[in-house]
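In the two complexes below, chain A is the common chain; its partner is chain B in one and chain C in the other.
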Partner chain A sequence: MWWYVGKRLLQTIPVFLGATLIIYALVFLRPGDPILGLVGDKPISPEVRQALRDQYHLDDPFLLQWLFFLKDVVTFNPDFVGLDGQPVFEKIQNAFPVTVTLALMALALDAVIGIVVGTFAGLRRNGWFDSATLLVSLVLLSVPIFVVGFVLQLFFGVKFGLAPVTVGGDWTIGKLLLPAFVLAIANIATTLRLARTSVADNLSADHVRTARAKGLSNGTVVRNHVLRNSLVPVVTYIGINLGSLMAGAVITEGIFNIQGIGNLAYQAVNRGDAPVTVTVVAVMVMVYVFMSLVVDLIYAVLDPRIRYV
Partner chain B sequence: MRLSRRTRLAGVGLAAAASLILAACGGGDDSGSDSNVITVYGTNPQNPLIPTATNEVGGGDPLNNLFAGLVSYKTDGSVENEVAESIEPNKDSTVWTVKVKSGWKFTDGEPVTAESFVKAWNYGANPANKQLNNYFFYPIKGTDDVGNTVKGADTVSGLKVVDDSTFTISLKSAESDFPLRLGYSAYFPVPAKAYGSDGKITKEYGDKPIGNGPYKLTAKGWEKNKQISMVPNGDYNGNRKAKNEGLTFKFYNSTDAAYSDVQGGNLDVLDQVPPSALTTFESDNQIKAYNEPGSSFSSITIPERLAHFKGEEGQLRRAAISEATNREQITDKVFNGARTPAKDFTSPVLDGWTDKVEGNEVLDFNASDAKAKWAAADKISKWEGTFTIAFNNDGAGNKEFSEAMANQIKKTLGINAEAKVYPTFDELRTVVTDRSIKTAFRTGWQADYPSMLNYLGPIYATGAGSNDGDYSNKTFDKLISEASAATGDERYKLIGEAQTILLKDLPAIPLWYQNATAVTSTDLKGFVFNWQQKPDYYALSK
Partner chain C sequence: MTETPLLKITDLHVGFRGEKKKILPAVDGASLTIYPGQTVAIVGESGSGKSTLAHSVIGLLPGAGVVTGGTIEFEGQDIAHAKKDDILALRGSSIGLVPQDPMSNLNPLWKVGFQIKEALVANGVAEGKEADRRVVELLEEAGLPDAERRARQYPHEFSGGMRQRALIAMGLAARPKLLIADEPTSALDVTVQKQILDHLDMLTDDLGIAVMLITHDLGLAAERADHLVVMYRGKVVESGPALEILREPEHPYTQRLVSKAPSIASQRLSSQRARAEVREQAVQTAGEIAAEVAQSNVVLGEGADDIVVAENLTKIFQLRGARPWQKVDFPAVDDVSFRLKRGTTTAIVGESGSGKSTVARMVLGLLPITSGRVLFDGVDVKDLTSKKDRLRFRRQLQPVFQNPYASLDPLYSIYQSIEEPLRTHDIGSKKEREAKVRDLLDKVALPTTVMSRFPAELSGGQRQRVAIARALALDPEVVICDEAVSALDVLVQAQILELLNDLQAELGLSYLFITHDLAVVRQIADDVLVMQNGKVVEHSSVSQVFDEPREAYTRRLLDAIPGGTISLGS
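So, the complex of A and B:
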């Protein structure tokens, strides 16, 4: 298995190179001069504009810009700065923990609520509880996240004062609970439906009928034979979600004023800040890669037929 | 029976999850609303906190509280000496002698001298230092049109230190209201400690500036992406003594979140109301609301170089477009009353402003006259094609107003008109600055110092830095330079005449003044807009 893990980790190198190259090309193709964005309505002297363009290598061919970027990233250059003159690594270091915490909390809510409710619904397919959860999940899936976010913020935060209105720079787990719930909502609905269908399918599978025929108790059958098998697709979905939860946090971070990765990326893209944009996206790509590795490893635990050599 | 047990379990699970969320969410409010520290809306500064480098409000608001310049602005925009003992002109207002008061100190104890100012300005004007504010130095001798020191010299020849407390400023041309400029942050002094061994202002200083203003940074100071906190500077003895126990600029990603925080009592001041709240903020009883005409001016620039917009034909067509635009309707429907229709090219908050500038009836909606003027222009040369207004989509309301205006023009003049989107501000500025844009485009101006001339000279004078439409009119130039040298009523008369010329030529079509809007917590006292649409932070208290 370690050989397999090593192989997968080595694969991240070409993924990193390819992803950053593509993103750099996209940022390069973005029209407009980011220096003029810095300047605003006021005039800027051509000399200063040129000096700043030179500082950020904006006039070099994009392959060369990309190589400069790689050099800064690989050597962890502390002078590798964004358009605002702040070190990029420091920015990411500051923004990363809150976004990871938020995504993990959302993931936990997603997994717990989704699997528990989905399993109950699946065990009693077409019962009233099943129908009710289907209806609720349909509603959750169809309401955009910013509507849920603003409404919950208004009621829990502003009107009743049960939760902090925004998170801000001093974040704590408690402050992040409401945003994590908002972030998880759409995913909960999907996880729930996935778990429900999977459990319902497995209930009528051959090996479950055999287990029942052996005279095993209902609880044992459900725990050992239905649930475990049903979790493979659910785990895949949840695992891959960590990446999308982190990337998809832009809206939630905006509503609850969380100074995280999503917000950093959004501002950097808006300003044409290539160093920050590409580094943030590269970090996200790495998160995806590692999560899919973790998911693959969990398969082996859930399904004894899967073995890595 | 089994069914009921399961459903009960599921119900318990859901209830448990929900109560967990609620329980942990409560009690997170730590803003300490009892103390007299005021929390105000801010954004993470986009430049180092150096006076000549900071050109946006995220850094500008903190800087204005950390530094004191030669003069300070009163709420109404007039100036009074702060660090300056006196600022005296020679006979024709081309050379100004500045005497610095003794006793002023930076918070590290270094005295503020003539050198503290001159060295900082020389630094800002030298293009090698890449300071975004270098254009502010263009009136001074020894700089070129855009404020660079001539030939990249280290110093500006028009600045001379006479002794520790005296220096002189020689201007390129007479300017009777020059001291009005000197309260802007680009002119603040910088202590000797700021410069590193290579002569550049250090990164450490940009992160933790040492100033001479009403406030100083706390030990934590600027916490990146979180907040800037400052406390009153005990040594400060100027015009803006703090009436509170400190300021915290809390950073936000969006004004929507900040607005919710004011409603929830976690933020004291938000100095711009988000578009989503414009219809409701004045009737919201959880907050105090402020809404009045402000100092920022919006227009559409139609350069002469566009086909059909030259000479007399161009004059007629611009006037027709101006009269085809129903400003009241747009400020009302699109901006919910958060804009005020323009009556001139400046701003109603300024000294000498009047809504009776001769010729400003061209700014009123008049469909029949618009049609007549357009038809007259068609006789000179037949119109063809589409009239296009370019806007940047990252500013609130830009899309809506551009489309509404295009529709009004289409309806009134019976021509094709459309709004063209540029996703970001810098994309639009790039094509405007490089002169590659082939359409009319949105323009705006926020003054650097409270004078009507600052709305006219930098934008419409021949060859001026922000003259995006390359407008040139010799009579206008002459009136502006005469007005610069004149004082009192004579000055306002000349400015009026200059504006009448602009109203005839319409190098830009005035649209509206942006209102200053703000919300504060209900217990906040002392909130008044100054001429920059900002509160006087030092005067706030709870």
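So, the complex of A and C:
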């Protein structure tokens, strides 16, 4: 297995290089002069402007710029700064914990609600509970996340005062509960449907009938032979979700004013701030790659037929 | 008999709820009785309701199934109308089940030992350490060597035969009084089938357990059971002592079973005489075709007598070794040579893993050859590099595969499936192609109305006929049948074999017939190659293989034919 993990970790190197190159190119192709965007309406002397351009290597060829960037990132250069003059790594360090907490909370909500509700729906397929669940999940799937976000913010935050309207700089787990739920909502609907189908399919599997024929009670059959088998595809899906949760964080963090990675990325893109944008996206890519490795390893734990070499 | 019956089924009706609450009957007034310690076989084709009957006895009908009438009395207690808890109490401890398909009936995520232990714990036989010890004993009893280590393994580390032994251990774990064996060996090789059934016989005899054996093979049933129950379309059409039914079948369906089932028919000399006639005609037709081929420039080949020649075929697969960077060579096929004469059939017989299908795939050019060569009508297949030559080669050599459920595209109508090779090879106009498809369906005895239907709407036998029609669409000279009848019921097997024989006589086809079942070989083959572990162990004519087998391995294959010990005269 370690051989496999090593191979997978080595694979992250080309993924990292490719991802940063592509994003760098996209930022590079963005129209407008980032220096002018930075200073805004204030007049700027040509000398200062040229000095800033030199500092950020803006006059060098594209590939050379990318290599300068790589050097700063790989050596964790503490003087590596964004266009606003603040160190990039420090910014990410400050923004990372809240986003990770948010994403993990969303993931937990996704797993618990999705699997529990999905299982009950699957056990009584075509019953009233199943039909109601399917209908609700369909609605949740079809409404965009920012609509759900604003509506829940309006009701729970403004009207009922059950949750803080915005989170702001000093976040707590309690404050993040509503945003995490908003973030998870679309995923819950999908997880739930997946769990439901998986459970319902497994109920009619041959080995489940054999288990019943052994004289096992219904509860034991469901616990040992239906649930565990159904979880394999569901867990895979949930794990991969973390990536999409990081992406969804851009919107949710915007709605609830959370100073996380999503917000950071959004602002950096607006500024045309190549160092920050590319670093943040690279971090997200790495998290995604790492998560899919973890998922593959969990998969092997759940299903003994999978063996990695 | 004064003894009280263990199981008494009286006028049982079972149906499946279909659309609009309509009930489709599956078992239609079946009655049977099993006494303690007795083995009763229920024989019937797929769809005859035999499995549904078995499942209703243990209260495990699938969701839509309902008992609509009649009674099932087990030791005087009516199961058909019992409460759920009462049936649960019977399962495992009083009625055991050995299911049909060993591949899908073990939970892949749990160790085999755990799954047997569950049965012990659930029925209050043993718990904890004691149960673990008992699991090993049960596995040993079921004939699994090295049981202690095996109990700690997962199902995917077991072969099919080993899994079936584990399932037998599971079914017998709580020492039930009745064991339902639902086609326990249909998915296994004949030799493994014999071992498993022998062992099951011995165990149930020793323990005094009554067995309800469900099978589609009359020969097998007659050999294993004292009492036969023949089911046809949900009804019990005949029941009585096994030999009596075999000697004097009364119902037309039983008569057909007795006369056609390959396991029994292979004993008869008449099938051999019929085969000789087929061959004579086929060789003559094939000779005419060969003469044409020799003249023609369009068709590939020289019109040689040996249409397919395999010389020293070897296939080595590279497997993963003990360390990730190591590779181990595994010779799947080792130095196999044979000659297939025009208009004749060469059968390759062997168990799973003997390399017989690998040979077929190499001859078909679907798998690169490690060493050796295949000559098709005097031309080395390896030299056919141009696309035109490859296409011509494909036209003359067509396959029919084992599983008619998997080898037809479910989204293609039957017409599209059969027409596709014609379109690929750009043959004829649309009208001509349609005429050809009609002609082909006629040849394989299917009505032209199936053209617009889809594979899911056809039975297994009908699908295999479609697969044969598709193989014949390009007028090939050679057809390679890879286990072409293995997945079918005995009667359907007999029909398909007959069809293949007729087509051979009419079209002068040459067959390479791959099978694990020697029973079907006598009705279709002229030469036989017996393969074991990638090597040819015996190569001779059919009569020699059947009458004077040289190798011990061949004798074992012959002994494994079910019903082989029953003498029926000619």
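Keep this in mind: the second predicted complex is superposed on the first by the 308 of 309 C-alpha atoms of A that agree within 3 Å, B and C clash if a C-alpha of one lies under 4 Å from a C-alpha of the other, contacts with A are read in each partner's own complex, and residues count from 1 in each chain.
Quick note on the criterion: a residue touches a chain if its C-beta (ideal position, glycine included) is under 8 Å from a C-beta of that chain, and two chains touch if they have at least 3 such contacts.
In this text, all values refer to a predicted model and were calculated from it rather than measured experimentally.
**Student:** Chain A superposed: clash or fit between chain B and chain C?
**Tutor:** Overlaying the two structures gives chain B and chain C room side by side.
**Student:** May I ask you to name which of chain B and chain C touches more residues of chain A?
**Tutor:** B
**Student:** Considering only the touch criterion stated at the top, classify A:216 as touching first (chain B), second (chain C), both, or neither.
**Tutor:** In the superposition, A:216 touches chain C alone.
**Student:** Please work out whether A:204 is in contact with chain B alone, chain C alone, both, or neither, and reply first, second, both or neither.
**Tutor:** Touch status of A:204: second partner only.
**Student:** One more residue to check, A:162. First (chain B), second (chain C), both or neither?
**Tutor:** first
**Student:** For A:103, using the defined touch cut-off, is the partner it touches chain B, chain C, both, or neither? Pick first, second, both or neither.
**Tutor:** After superposition on chain A, A:103 lies in contact with neither partner.
**Student:** Mind working out whether A:185 is in touch with chain B, chain C, both or neither, as first, second, both or neither?
**Tutor:** After superposition on chain A, A:185 lies in contact with neither partner.
**Student:** Would you sort A:224 into first (chain B), second (chain C), both or neither based on which partner it touches?
**Tutor:** Touch partner of A:224: chain C, not chain B.
**Student:** Aligned on chain A, what is the least Cα gap between chain B and chain C? Give it in whole Å.
**Tutor:** Between chain B and chain C, the shortest C-alpha distance works out to 12 Å.
**Student:** I'd like to check the shared interface: which positions of chain A are touched by both chain B and chain C across the two complexes?
**Tutor:** none
**Student:** Spell out the part of chain A that touches chain B in their complex, as residue ranges.
**Tutor:** 31-48, 51-52, 55, 83-86, 90-91, 94-95, 109, 112-113, 116-117, 120, 123-124, 127, 129, 150, 153-154, 156-158, 161-166, 168-170, 172-175, 177-178, 181, 253-259, 263-264, 266-267, 270-272
**Student:** Across the complex, what residues on chain B touch chain A?
**Tutor:** It comes out as residues 3, 6-7, 9-10, 13-14, 17, 20-22, 24-30, 44-48, 55-56, 127-128, 130-132, 134-135, 144, 146-148, 152, 203, 206, 223-227, 250-254, 256-258, 260-261, 263-264, 266, 286, 394, 422, 424-430, 433, 443-446, 448, 458, 465-466.
**Student:** Please name which positions on chain A make contact with chain C in the complex.
**Tutor:** It is residues 3-4, 204-217, 220, 224-225, 228-229, 232, 302-305, 309 of chain A that touch chain C.
**Student:** Please output the residues of chain C touching chain A within their complex, sorted ascending.
**Tutor:** 58, 60, 62-63, 88-89, 91-93, 96-97, 99, 101, 104-110, 115, 118-119, 122-123, 154, 156, 167, 170-171, 173-174, 320, 324
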